[in-house]
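Next up, some structures in structure tokens.
There are two complexes below, and they share subunit A, which is joined by subunit B in the first and by subunit C in the second.
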Partner chain A sequence: MDLSSLRGIVGEDNVRDNVAELYVYGADASVHQGLPGLVVKPHSIEQVSQIMAYANSQKIPVIARGAGSGMSGHAVPMDTKSIILDMKAMNRILEIKPDDMYCRVEAGVVDDDLNRALKPYGITYPPSPASSRIATIGGEIANNASGLRSVKYGATREYVLGMRLVLANGDIIKLGAKTRVEAAGYQIHRLIVGSEGTLGIVVEATLKCVPIPKYRCLSVATFDQLEKAGDTIGAIIASGAEPSMLELMDDIAIKAVNKTLNMDLPEVEALIFFEADGKVKEAVDHEINSMRLIVEQHGGTVTATSYDLKERTKIFGGRKKLFAALSRYKDGWACTSLADDMAVPYTQMAATARKIHQIADKYGLIMTAYGHCGSGVMHTKILMDPSKKESWDAAKKAVDEIYDFVDEVGGITSGEHGIALSKAPSWKKTHGDMLPVMTKIKFALDPNNILNPGKLQDAPDDWLTATKIRYQML
Partner chain B sequence: MDLSSLRGIVGEDNVRDNVAELYVYGADASVHQGLPGLVVKPHSIEQVSQIMAYANSQKIPVIARGAGSGMSGHAVPMDTKSIILDMKAMNRILEIKPDDMYCRVEAGVVDDDLNRALKPYGITYPPSPASSRIATIGGEIANNASGLRSVKYGATREYVLGMRLVLANGDIIKLGAKTRVEAAGYQIHRLIVGSEGTLGIVVEATLKCVPIPKYRCLSVATFDQLEKAGDTIGAIIASGAEPSMLELMDDIAIKAVNKTLNMDLPEVEALIFFEADGKVKEAVDHEINSMRLIVEQHGGTVTATSYDLKERTKIFGGRKKLFAALSRYKDGWACTSLADDMAVPYTQMAATARKIHQIADKYGLIMTAYGHCGSGVMHTKILMDPSKKESWDAAKKAVDEIYDFVDEVGGITSGEHGIALSKAPSWKKTHGDMLPVMTKIKFALDPNNILNPGKLQDAPDDWLTATKIRYQML
Partner chain C sequence: MEVKYLKDWETEMNTCIRCAYCFEGCPMFKEKGWESDTPRGKVVLAYGLFTGQLEPSDYIAEKILECTFCRDCIQRCSANISVPDILTAARADLVEAGFKYDSHVNLLNKVESSGNIFGKELKAPPHPGKTPVLLGCRFLERSDDAKRYVEILTKLGMEPMTVEDEVCCGMPPGVLGYKDKTNKQKALFRERFPYNEFICMCTTCVFFIRKSYTDLNPTYIIEEIYKRLPEANPRQLGLTVTYHDPCNVGRGMDMVKEPRKILKMIGCDYVEMETFGKEAECCGGGGGVLVTDRELSEKLARKRYRQALDTGAKILVTLCPTCELNLANMAKEDGNKIEVKNLLDLIWEALR
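Let's turn to the complex of A and B:
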């Protein structure tokens, strides 16, 4: 690789090739680990364009990277010649237009930073994932990210009005509009959302914003049986209630939080958190009360309800810190993101949670069932001793069985975290008829296959051997 | 063409080639007129697949047609060998799942029929366009349709969770999911929405539904100046209000309704209709009152407000029948859909309406400014004597000037009615960088260019000579 060409584009300091740095950029929040050839940090759209033109001429793989908080391996390079395009320096908020209800940002803007900047105008960009403290808008677009409030506000795809995209060959194109509706040519920007960096580099996005709700009320309820909690979720949705959040935590998640964080959540089979928001208190009351009634009809007990931010933060504390708690569940054990974000129809929520427990038991693993059940998302984590080859073999079998079940009940491999490497084998099994079309679109836009190659439809058929695993196996 | 092959697929009765029928299928609600070679009416996905395989092998153009209510020429054949695929027989509602908040339908289902079927379950499919009485779901998807309530509920693209698509070569593929969120491979279904029948034939769709609001309150206000009405719309949106409808009617529209339908709307410079909906009356009251205050601050006078369906129907009567009124504005004159659905930022609404009037005056045409301004959509119609060549030449100049202005203020060629033929010349001027990418995607999916050829990026550069005009010119 001709480093001087790239240094000529972005400057000496913004091209890194020392091994220590490359190592850091070889992993993300998934189980995978690779090693890139270079890290390049562009500061403008024109630089991205020039980098792509160069990479395309040399057929060098390019992987755009935001925070590296992806859980399926999106940002892990499959080829040691790869350029990691570190987008974090492109972090300018270009326009905030509260009167037109949109904002325009560079791809490296961090989600929480954007929402902090929008707040004084009374508006918000709502599809934020749990990692919003570090996640960049570009990464969220690549992954069609969503989070806690997607039951009411939807995912990233609902908010991307337009974008500027750098194509594989370096061409810069403008897509979409600034208006609420649009019917003006292929909605390519909607195809780019969720394409995991394989079709182009998102450099700028025009995002729909919504008013910040004035009131927010959160309740938590206990259930002595997981099935009752699952049925409650289905019944709340079926009732026409419009929660702004509807979260499940199973007994393993509860125990994890209590044990590692010294919390005192009630050790029942399941907790449900339900929230409503809005600008009129009567309406929020109405939603919360309707949901409370359904909870009680299904044998749940509401143990706390509050409008107050401080109290809400306390109520939600256990759920908020769950991921951290699971990571510290057992000394030496790892909390892995495998089969961790399936989406299933609401009516299948309870059965899916129970099935996950059965499969975990069968293979001697610890698995939780929790998540944004109001949007159909069932989160899990597989806790295991990562140093043992047997743990990984067991995890692999468990993952396969979980996905088979999810497919059986009409669910889908990934609701939130994307496919990339970890989810590709199972996803490919159930999406066979779609893969040739994806491949055709991919090659139409990236004929040299330089944009994040080896992911999605091109990912290896076994996630366990797709890359090195980033835990040390004995 | 070998009729026996097609008759073998769909049966004798479902292949029509007599000229009288072909003539009817040569036009839609646009100004354009063509003539197809055949009309074929499939009754199943398998039949569509076989028809496409045959057409692809013979390189015969295929144009899927729903109600033919498109206003830009989507369903008008450009080649006399074309097959019109009449989708109206595929009109089964396959699933209604209120507990999972979705339904699954064949593409030929009529929008109002679907909503009638959903109603007993307390749910609705909200992006309905004004033509919902006849428009099919397949046509709405092809066009990314939206309507009166898009300011709150958005467009078709926000509701298509998944679909079955027949590709140009006859392959049948399944796209998307049944769940609220999804991050499982390219969102090809979102690309198909708005692709105007050029990438595949949508045969089945899984659609997100929402609860029917319990309360709906509509107000109407008069303004002595169009600018004040325009500014009010911007101020309502900027205030964080969440109208379920926000409509403008200018003086020409008011006069048209009064004159042709014997109504007695106040002959002011502008009317604004504003509506709120929800399940709690206090919240609806709050929205209506907030908007009323803004109206009054901007010099408007609220003349009626009602929750009652019958009264609301009466209040909205003039706006509802506007299109019919414009069509009968002057004996022998036509109401043409040209430059009829631009979208502009809210802050540009008043200026755009005024500009339309100026341009109409300049060219001796009659043009209204009205529409779903809450979503940024500015509707117009050009009223003229269609028998005179000069009218069309004037219309062409007016259209060009309007689109230049819309582009200048950050708006877009089409918010609702799509590009097809009528809007293609202006749209191509402003979307030059996107066209090569569209062409690449098009040829990746339809290498023989048989799916609705000659539209969008491939449309002729002059709409006036693109096809015959369906009015008799003297």
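Let's turn to the complex of A and C:
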């Protein structure tokens, strides 16, 4: 690789090739560890374009990277020649148009920073994933991110009106519009959302905004049976109620929070958090009350309800701190992002949670089930001793079995964390029909296969050997 | 490289889920912008050293040393990982592997030769009494200030006793990763300051002692003042100030409200900076960065100083003598548009 060419584009200070820096950029929030050849930090669309033109001419892989908070290995390079494009310096908010309800930003803008800037205008960009404090808009687009409130507000794709994209050969193209609807061509920008950096580099996005709701009310309910909680979720959605959040926590999640964080959540089989928001208090009241009724009809007990932010924060504290609780649930065990994010039909929610528990027991692992069940999203983590090879073998079998089950019940491998590496084998197994078409699209846009190669349909069939594993195995 | 100290932190490094939430408030990342400047990046480097996937290098040592131990990352972490502890272990392993720097060695030589970070003979101003008071190197050097601060305790009904021959508590070698020197200094400290319960004037010392000495139970001077001040009927100063939360006080010892309540007790209004309390930005003086890379430390201090200036207050109050020094240097550089004071000075004014 000709370092001087790249330094000529972005400047000496914006290129790093020290092995230690490369090692850092070879990691993300997944179990994978790679090593790129170079890290380059562009500051403009033109620089990205020139870098791509150079990389394409030399057939060097390029991986765009935001915060590197992906859990499936999206930003982990598969080739030691790879260039990591650190997009975090392209972080300007270019335009806020409250009257037209959109904003235009560079790809490196952090989600929370954007929402802080939008707040004075009374508008918000709502898909915010849990990682919104550090996640970049570019990363969220690459992953079609969504979060706690996706049940009402949906995922990123629904908010990307348009974008500027740098193609593999360095061409800069403008996609989409600034309007709410569009019937003009293939709407390629919608295809780019969720393409995990394999089709182009998103450098700028035009994003739909919505008004900030004036009222928000949160309730929590206990259930003595997981199945009753599962049925409640389906019934709430089917009733036409409009929750702004509908979350499930199973008994293991509850115990983890109580044990690790010394909290005193009721140790029942399941908790459901349900929330409504809106401009008119009576309407929010109506939503909350209608959901409360459904909860009670299904044998649940509502234990707290509040509009007050402090109270809501307290009510939701256990769910909010679940990650921390799981990380420290068992000494010496690690909380790994494997089989961490699936979506299943509402009626299969409880059965999926039960299945996850059974599979975990079968393989001597600890797994919990929680998530944005109002959107059908079920999260879990695999807790295991990462130093033992047997743990990883068991985890691999567990992942396979969980995803086989998810497929059987009509679910999908990823609800919001994406496929990349660690979910690719299961996804490829169940979605074979789609792969040749995706490959054709990929090669139409990236004939030299330089954009995040080795991910999605191109990923190895065994995630365990796809890269080094970040943990040291004995 | 043989990893003697990082071994103890393997579980903690595995507990880190690498979510990157620590990026959010990290002053080093905000200043430098590369992922090796983030807490996660530094933990990944430490893990690379631990597993042997990375060979130690000056680049890695530099990154491991470029952390002010401001603890912002801990409060934002999904798993409450104690990054400063991991980095302290990494620093110790790097020192054992021969990565020693002149600025560190010079400082530690001073501590060894004189018992304090200034390398000169310093004595605590004599004050007979019953309750031992530890001044710490920085207040030892500010003898006149220290005298007044000790008097605060007298005015609050205590009988403070200084120990003329007190020496450094071992924080500098401890933070920089010089384990042997730390242990030696700690032993000397115990010999010269043979008390288990005492009042500590310096934020950094009290925080270090609480973490590093299992048998010592120091009270931070502000805790004592906070308890006793209301009964002393302090004078109302009628000032408007801004308050900088030292990292070891706000995040480290969970003391955000106490200094502010004290300000109110002495009739001072305070205007908050852009970041304050648990989210207050670091002044750049901690974690040995001031010794390792003064220029970098000053860049962080400059940012914090600007935040103080933006409040419009004419007085910037803090507690930590290192924060005070770093911020006062920035004020001086900027034509003293704001006066930097220790809260203890205001308390003294209110009690004299």
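Here is the rule we go by: the second predicted complex is superposed on the first by the 474 of 474 C-alpha atoms of A that agree within 3 Å, B and C clash if a C-alpha of one lies under 4 Å from a C-alpha of the other, contacts with A are read in each partner's own complex, and residues count from 1 in each chain.
The criterion applied here is as follows: a residue touches a chain if its C-beta (ideal position, glycine included) is under 8 Å from a C-beta of that chain, and two chains touch if they have at least 3 such contacts.
This structure is a prediction, so every number in the text was calculated from the model and none was measured.
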With subunit A superposed, do subunit B and subunit C clash or fit? fit
State whether A:Ala89 touches subunit B only (first), subunit C only (second), both chains, or neither. second
Mind telling me which of the two, subunit B or subunit C, contacts the most residues of subunit A? B
How many degrees apart are subunit B and subunit C as seen from subunit A, counting from C-alpha centres and rounding to the nearest 10? 140
When the two structures are overlaid on chain A, which partner does A:Ser327 contact: first (subunit B), second (subunit C), both, or neither? second
Examine A:Cys335 and indicate which partner it touches, taking first as subunit B and second as subunit C; both and neither are also allowed. second
With the two complexes superposed on chain A, say which partner A:His32 touches: subunit B (first), subunit C (second), both, or neither. neither
Looking at the overlay, what does A:Val19 touch: subunit B (first), subunit C (second), both, or neither? second
Let me test your reading of the model: by the given contact rule, A:Tyr346 touches which partner, first (subunit B), second (subunit C), both or neither? first
Could you state the shortest Cα distance, in Å, between subunit B and subunit C after the structures are superposed? 19
Along subunit C, where are the residues that touch subunit A in the complex? 10-11, 14-21, 23-24, 33-36, 40-41, 44-45, 47-48, 50-51, 53-54, 57, 59-60, 63, 76-80
For the complex, which residues does subunit B have touching subunit A? 97-101, 122-123, 143-146, 150-151, 154-155, 157-158, 167, 171-175, 177-188, 190-191, 193-195, 199, 211-212, 234, 237-238, 240, 242, 278-280, 282-283, 286, 341, 343-347, 372, 374-377, 410-419, 423, 427, 431, 433-434, 436-438, 440-441, 443-445, 456-457
Under the definition above, what is the set of subunit A residues touching subunit C in their complex? 16, 18-21, 23-25, 27-29, 33, 39, 41, 67-69, 86, 88-89, 112, 131, 133-134, 323-324, 327-328, 331-332, 334-335, 337, 386, 468, 470-472
